[in-house]
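Here come two complexes built around subunit A, the first alongside subunit B, the second alongside subunit C.
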Partner chain A sequence: MATNRSGASQRPNGAPQTKVCQFKLVLLGESAVGKSSLVLRFVKGQFHEYQESTIGAAFLTQTVCLDDTTVKFEIWDTAGQERYHSLAPMYYRGAQAAIVVYDITNQDTFGRAKNWVKELQRQASPSIVIALAGNKSDLAAKRMVEFDEAQAYADENGLLFMETSAKTAMNVNDIFLAIANKLPKSEGAGGGSAAGARRLADGEQPRSSACCK
Partner chain B sequence: MNEEALLSRASEERELIFERYERGRENLVGQIDPWEDPEFEEYHKTDRYGFIHDERLPQKTAPQKVNAEVEREKKWIKMLSQWDSPSTKEKLHRRIYKGIPLSLRMNVWSKLLDINRIKSENIGKYQKMLKLAKAWSTDVRQIDSDVNRQFREHQFYRERYSEKQCSLFNVLCAYSMFNSEVGYCQGMSGLAGVLLMYMDEEDAFWALAVLLTDKRYAMHGLYIEGFPKLTRFLEHHDKILTKFMPKLKQHFDKFGLDAILYSLKWFFVCFVERVPFSLCLRVWDIYLLDGERVITAMAYTILKLHKKTIMKLNDMDLIVNYIQVKLHKDFGYEDDVVIYHLERSMEELKRAKLDYPGNPPPSELPKRSLGMFVEPDKRSKIGQRAENFSEREKQARAAVISRREKAELDLQVLRASQSDTVSEHSEVASGAPCDSVSGLGSRRSLADTSVTSTADLSVFSSGRSHAPDNSLDTHSIVSDDGTGSDGSGLRHWRRFEPDTYASQAQPLLHRSGICGMSIQRAPSTAHSTPRGTPHPPSVSPMSDDVVRIHVTYNPLSASPSHLQPISPSKMKNYNEVHHKPVSLGFYTTNGSNRQTDNRIRIQVPSEELLTPVVDSGRIINQRYIESHTELYDLK
Partner chain C sequence: MRDNNEEKFIFAACTYFAKNHPGETCGSNGLPLTPSSISILGRAQRLLTIQHPNLCTYLDIIRGKHERIIVVTEVFGKSLEEWKSKFSFDEVTNIGLQISKAMLFLHKQDIVHRTLADGNILLDGSGRVKLFNYGMYYMTGGGSDVPFPLGLPRYLSPETILNGGGPAADIWTFGIILLELCIGKLWQNLKPGPILRRILTLVHAANPAERIAREHDCFEAYKLVSDHLRNIIEKCLKIYPSERATFEEVVEELSQANVKTVVDVKKPRGLMGCKLQYLYHWWQLTGGDIQAELKKNGLIKNSPPILSMPIAILLDGCTIGGKRGALFDRRIAKYSLDLLKARLSHIPPQDFYPLMHERRRDYDAVALPKIIRERDTEYQFYRLLWFQRLLIGYPYTAQYIRAEAEIDIPPLVRGDVWAALLGVKGDIEEQYERIDKETPTPTDRQIDVDIPRCHQYCWLLCGSAGHRTLKRLLKAWLLTNPQYVYWQGLDSLTAPFLYLNFCNEARAFACLSAFVPKFLHKFFLKDNSAVIKEYLAKFWQMAAFHEPELATHLHEINFVPELFAIPWFLTMFSHVFPLHKIVHLWDALLVEGPALPLFMGVGILRQLKDTLLDSGFNECILLFSDLPEIDIGECVKESIEMCRSSPKSISYRRFTNEPEVKDPMDIVEIPMEVLLSEISPRISMSDFFSLTCQDKCCVVDIRSNLLYEKSCIEGSVNVPYSGVQLGQRDLRALGLNAHRALRHAVTHKNTIVIASAEDETAQLFSDYLVKCNVPRVCILYGGISALQSHVPSLFIVPIKKTGSK
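Let's turn to the complex of A and B:
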């Protein structure tokens, strides 16, 4: 709906302008499945064996470049303990993407992940992009959740799915990139969730905090 | 798995975890997973190229400092021997603010918390609780997982199943039985972890008990479901910021940075892992002496000392990182200097009567008697999660959301008041009664109506003193239902029904015949919000009641299908929004206004005014919107 009025062609120097999109992403999942570790790996390339437990939530940002678009993720890493659940909606409200994390060595955490998916489907934006991450894939010897089981569940529910390891970095960048690719970035695309993007589509203020511009 | 199998599996798991801590490190040789227990080098780190870096602490304590500490130790030992004497009372405050000598911290903390008395009154209780925990605690798994990552860089906790790790596990498990309302909540491992550095296991247990339930500290309210004390203290913190550092507050608001995002650990664990440990201990010394006022004042002091730097950081993650990570590594001030400022802050806050948020309401205090055994229900035994939020959780949820919304409103008030563009048609309504929008049943129903639109053209004013300058260039409606800041917001929280409100609200909106416009209570999040997402209506418990109006600039495609425009001609302007400037003046007809009926009038004047489009407190666009003067009455 928004016209492409502020497109690259209008830039004073005439250079093609890379589109910059900003998306809010939230990580959810049972305690100690590795949510903070995934974020730390993605944002800083680090891994701590003893990632301190997240109290409340943590906030980080990371930017990834796709072909013609720069995607800036605003990442909300939430606490896993049930008591903190009441704060979670504050973080997933308005989120365009979510990564629901479970630990492949713990069947319960997979059940819990399904509940998070349900909650997101019910309460979050209808067009939210949800990815399921089976973390700790480096501990495959202790695997309790089969890859195929999770893949089937993800397919049924239209989720992106990858097994990841924050420790070895396996699939960590990939899952964020897959989300970035799936998020609607063009003006007017993507239905409801693009409200923000559309609102900013004709914004001329080159503010880094704005969405697609 | 059926219920029985789940129950037996849970109890097996509990026993297994317990057993490992009981056996301890020496008896678990070869049974600790490598990932649980990597070998730390105490003083060195090896980089990826194989070079070993010396990470020894850069400076040794200066000899004169050591001498001073020795002198102080002597004084303290004397004081400890006559703890109840008037001379101790007289000197205690001054000496504690100077810092308890490290070697005596253990004794002094015990004295301050009166551990010996409590212990002598509860002989055998701790062991009993620990035994109960082994048989019943439903928090064992969580505690185990947190013990495995608490202070692992500290020599006491470095090795998996070390003596102190086992103590930490035991203290937390025993406490989860002792105080069944709290059980175990993440954060408590930090408290107990620090206590155990200076106390033995049972003393640490009682110290934890005192911190949670003695009225001087009253941390119970922080850790129970819904975190009511956190909400209350954050509100108080905001009040202090607004009064003493309004620019900093606005700076935070500008980036949607709620205090909950940077200060949670300040309140939950008294600055553990948020300031350098040496400073943290000094704050703990004072906290144990003077209680919860210290937390409030220290929070203020941190921001006061670092205000200049923070004001230069122009991104939410930079600010959060600075406050949470950088200040932990290096606070930038000597501990003594910080404590000096902390003391000044306490005086300053006291003069302003902001040193204490007030006595805790009954909801923050334990209801069940402590140490009484309560058998956990099946759900928590199995480890299942509740399907729905409890009342308390709903309140917490609403409170948190409303805090964010209020911050955003405050920012918009600021932006509006800074703006030069003024429309003569705009007026500010304040002190309007709650039901002044009768056409929609009540203001509340109006406000609860929520459909997010693409053009968020709202700015607010309120009944506050700076309000009259604003709302003029903007498209804002201003309301103040006069509930004030007396906590009456609680009343509204209970009305919060996230699952049902949207379905109630939409017909109301439909009836009102608002075309292409949607009305929403306050901005929903710090970020763009997809249309159609229900936004739980909520009322800031401490603030004015503000109604926010969103105007969709292309109602035909952007508004929900049930919202039909009043007339296409009127909406034409909106369709042309990209090409033609529009500005909306805005006023309400309640309060001191001379209008006769309860209406909100939105005026679209013909002046061409530069109009900021505000998203979550950020101006994202300035546009001209051109139109003839149009009036839309919202009945």
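Let's turn to the complex of A and C:
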């Protein structure tokens, strides 16, 4: 119910031949920056003040409607603690999109976000769409990362960038929509990503062998 | 049972409102401010543990609606306010001595009373004194969490009125009380303002006590007071706090003068001799309702909400007007135990003193679910008395405690029982005290961000007292376990221990320290990948062993435990379930031992079986991301059943704290790569042997016909591997004999052991059986050849080609 409100109105009335695309999206970032809260806001329209920490990863899906396509996001929400880092490749491998989240009230988390971007650029699929989200914008009074600084960094690296607030819902749907818009929807993106999701479960994990290091 | 009026009421409740945070609802970190009532609740937990003959025991602190706090405590006798008769000086000395003993005890615990008054000093007919609700100042953070002032004006010391004062203020109050006992109530007809002014004018008096007496025209009476007593009063009523006596001195002086010793009241027998906490607990189970009684007595009044609405709200959120609970309501509601007495009236007197060698087994309630047993008055009555006896005898009664805990654990003593089950003993306080829990470390940031989201629905854990303690526990554990690091989830793991030992940090720590090596050996290593991989692989094998159909389905959709089960095992489910479920899960865990969690995992899968079988990869992972309601009672029951019915060796793990297996008959260890690729577990030869002896297994020998005919395990069936078509998932394809034997094994819940000459074929064949939905399949470790050399007596030469069964 709370879903789709972002794009439903844009759907051309009763166009039967709407394309359906599935995309695998992964959220990365330091712990307690609000990754799970962003997903929860986007998928269920809820916000929990005391959102529990994520161990390993969580999985959720959400569908948004663009003009002529329905985009289904398969969202992997990962654990933020550095120690769980080695699990991350399992989740971003084969992902078509990533949201790297930092907390605007904490400079260190921005540094960590930059490292994630670097790692994605090096290791993930070359066509991956990366968005940078400066979360907790409702706490602007305690801001430690300037908007311009993050914007400049995003421009340099060709990232989508928005400041978001899972608490007030500001820019949450927008950032997912912006990603959906930027994703290529030409070739049969349909079943491809389901396989992508499946691929990560394969036993033959390449390179980084550790599943949980 | 004696039943005079004084014993009728044994506990009482009073209630007040905590302060609302004006304006801001969020702290600077974006999280909501902790409500004052939560802070009060957190602090008050310590009061619940205080025991002293001259202090009324605190029994419960309840958080009601709208920041209401209800304090339940022991009560007896009458307050000094209610005693109208005049006391002799001997009696005054006696009362004073008992008050000062109680106060000395509190001051030693760093608790300042501040609200000492004639209304909260209780006295009974035999001259015993107890202080009532002495923790108001302490639990409210020095009054900062409540909207009303603390203390009665006439008992306030000058420095308290001027907004200062420490423990010495209590001495002043004590002096005033002694004085009142000698010359009568002070400033009786004055309003608070003038009283405070009178007290402040005392600042200029050389001898405030005398001055007060003169003011009341009681100077003559005051002079009649014994020198000794007057001396003490004057030592207490010094203007400068530093000049006042301490309770230590007061106790000493009063003890010298005390002529009357309090008659030692013999502890009542039967119900009234039971621990007060137990009585309160049972009373609640019988249907006793604190809030209802408060409402009946008008201490809780419901007024229409419109009356409490503010008249105006300023832009900063501060409110003006609207009804507020203005002053502290000093009324109390008293409760009688009649309800409980009636409920337990049929219990014979000897049942109050259970003997350890007469274990009572015939509870009617045992068949009921644990949650219901926990609400049954009579059942809890027997269980608590029984556990109380066992716990007194710990550690010598450890085995009895284990045996009883297997049935269930009364919630009231769960903390003690867990500690006993984990073998916690010795001077844990001392050990904990020595650990440096304060020095900052690089891990602190992670701990700081995790704690405010760890089980925060729990009132105890969400307050600042809970946060601080949890952090100290984690830091202490990390410091004492340098081989380990902080993994997210360790916070959740520590939470249940803190929850049960909120005022006994040392024991919470000792429990955690004993729990990890037993259940999570090496899980918190910096590189724990091998440990977790092995654990998950074993979990998956147990799933195939008990739920072959489900395992096959999940294998086919490539749904691996790495995707969902890491938080299950890394935190022993404490990150997955709420505390009230965790305690039941862990009750079983602590009794059954480290193999149980694997089967609990299977138990959870089993509850979700129908949904999982109908689901593809995405639906499955979604299901686990947002785990549906799990019936923990059922899950525990089934997992224990699975655990006990599984041969011990099939759940063998290399990374445990148990002694190394040396006997070749017991070995089941295989290289990690092999373990990770195998669907069915290996069974040790000794387990196999004992199953054979009990006729509880079905051996499938998959060697060739030729080898089988030379020599085979007695009672085994031969299914030559070369003849099996792995694609055909039908047992009938294996031939009539084999089909019948397997069916028989499945219906009788026997274990199916695959014996072969080489591991590879055994592995493939076991996969095949699992896919055919055959439960309880395992592979004989070492195969036929090892068994032949160790237990040759099991082998026979089959009589005829088709004759063997």
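Operating definition for what follows: the second predicted complex is superposed on the first by the 171 of 213 C-alpha atoms of A that agree within 3 Å, B and C clash if a C-alpha of one lies under 4 Å from a C-alpha of the other, contacts with A are read in each partner's own complex, and residues count from 1 in each chain.
Quick note on the criterion: a residue touches a chain if its C-beta (ideal position, glycine included) is under 8 Å from a C-beta of that chain, and two chains touch if they have at least 3 such contacts.
Here the structure is a predicted model, which is why all the values come from computation and not from measurement.
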Checklist entry - Which partner does A:Lys24 reach: the first (subunit B), the second (subunit C), both, or neither? => result first
Next on the checklist: One more residue to check, A:Asp68. First (subunit B), second (subunit C), both or neither?
Outcome noted: neither
Checklist entry - Regarding the shared-chain residue A:Ala79, is it in contact with subunit B (first), subunit C (second), both, or neither? => result both
Next on the checklist: Looking at A:Ala124, would you say it contacts subunit B, subunit C, both, or neither? Reply first, second, both or neither.
Outcome noted: first
Next on the checklist: On the A-aligned overlay, A:Asp155 touches which partner chain: subunit B = first, subunit C = second, or both, or neither?
Outcome noted: neither
Item to check | Superposed model, subunit A: greater residue contact from subunit B or subunit C | outcome: B
Next on the checklist: Contacts for A:Ala32 in the overlay, against subunit B (first) and subunit C (second): which applies, first, second, both or neither?
Outcome noted: both
Checklist entry - Just subunit B (first), just subunit C (second), both, or neither: which does A:Asp174 touch? => result neither
Item to check | Residues of subunit A contacting subunit B in one complex and subunit C in the other | outcome: 31-32, 49-61, 74, 79, 81, 83-84, 86, 90, 139, 167, 194, 197-198, 202, 210-211
Checklist entry - Tell me, which parts of subunit C touch subunit A in their complex? => result 28-32, 446, 449-450, 452-454, 456-457, 462, 485, 487-489, 491, 526-529, 532-533, 557-560, 562-564, 566-567, 570-571, 575, 617-618, 621-622, 624-626
Checklist outcome for this item: Listed in rising order, the residues of subunit A that touch subunit C in the complex are 31-32, 49-61, 74, 79-81, 83-84, 86, 90, 105, 136, 138-139, 141-142, 167, 194, 197-198, 201-202, 210-213
Item to check | subunit B to subunit A touching residues, read off their complex | outcome: 35, 38, 142, 145-146, 148-150, 152-153, 185-187, 189, 223, 225-227, 255, 260-261, 264-265, 268-269, 273, 315-317, 320, 324, 383, 385-386, 389, 393-394, 396-397, 400-401, 404, 452-456, 498, 524-536, 554, 557-558, 578, 613, 615, 618-622
Item to check | Footprint of subunit B on subunit A - complex, ascending | outcome: 1-3, 5, 22, 24, 31-32, 49-61, 74, 79, 81-87, 89-90, 93-96, 108, 112, 115, 123-128, 139, 167, 192-200, 202-205, 207-211
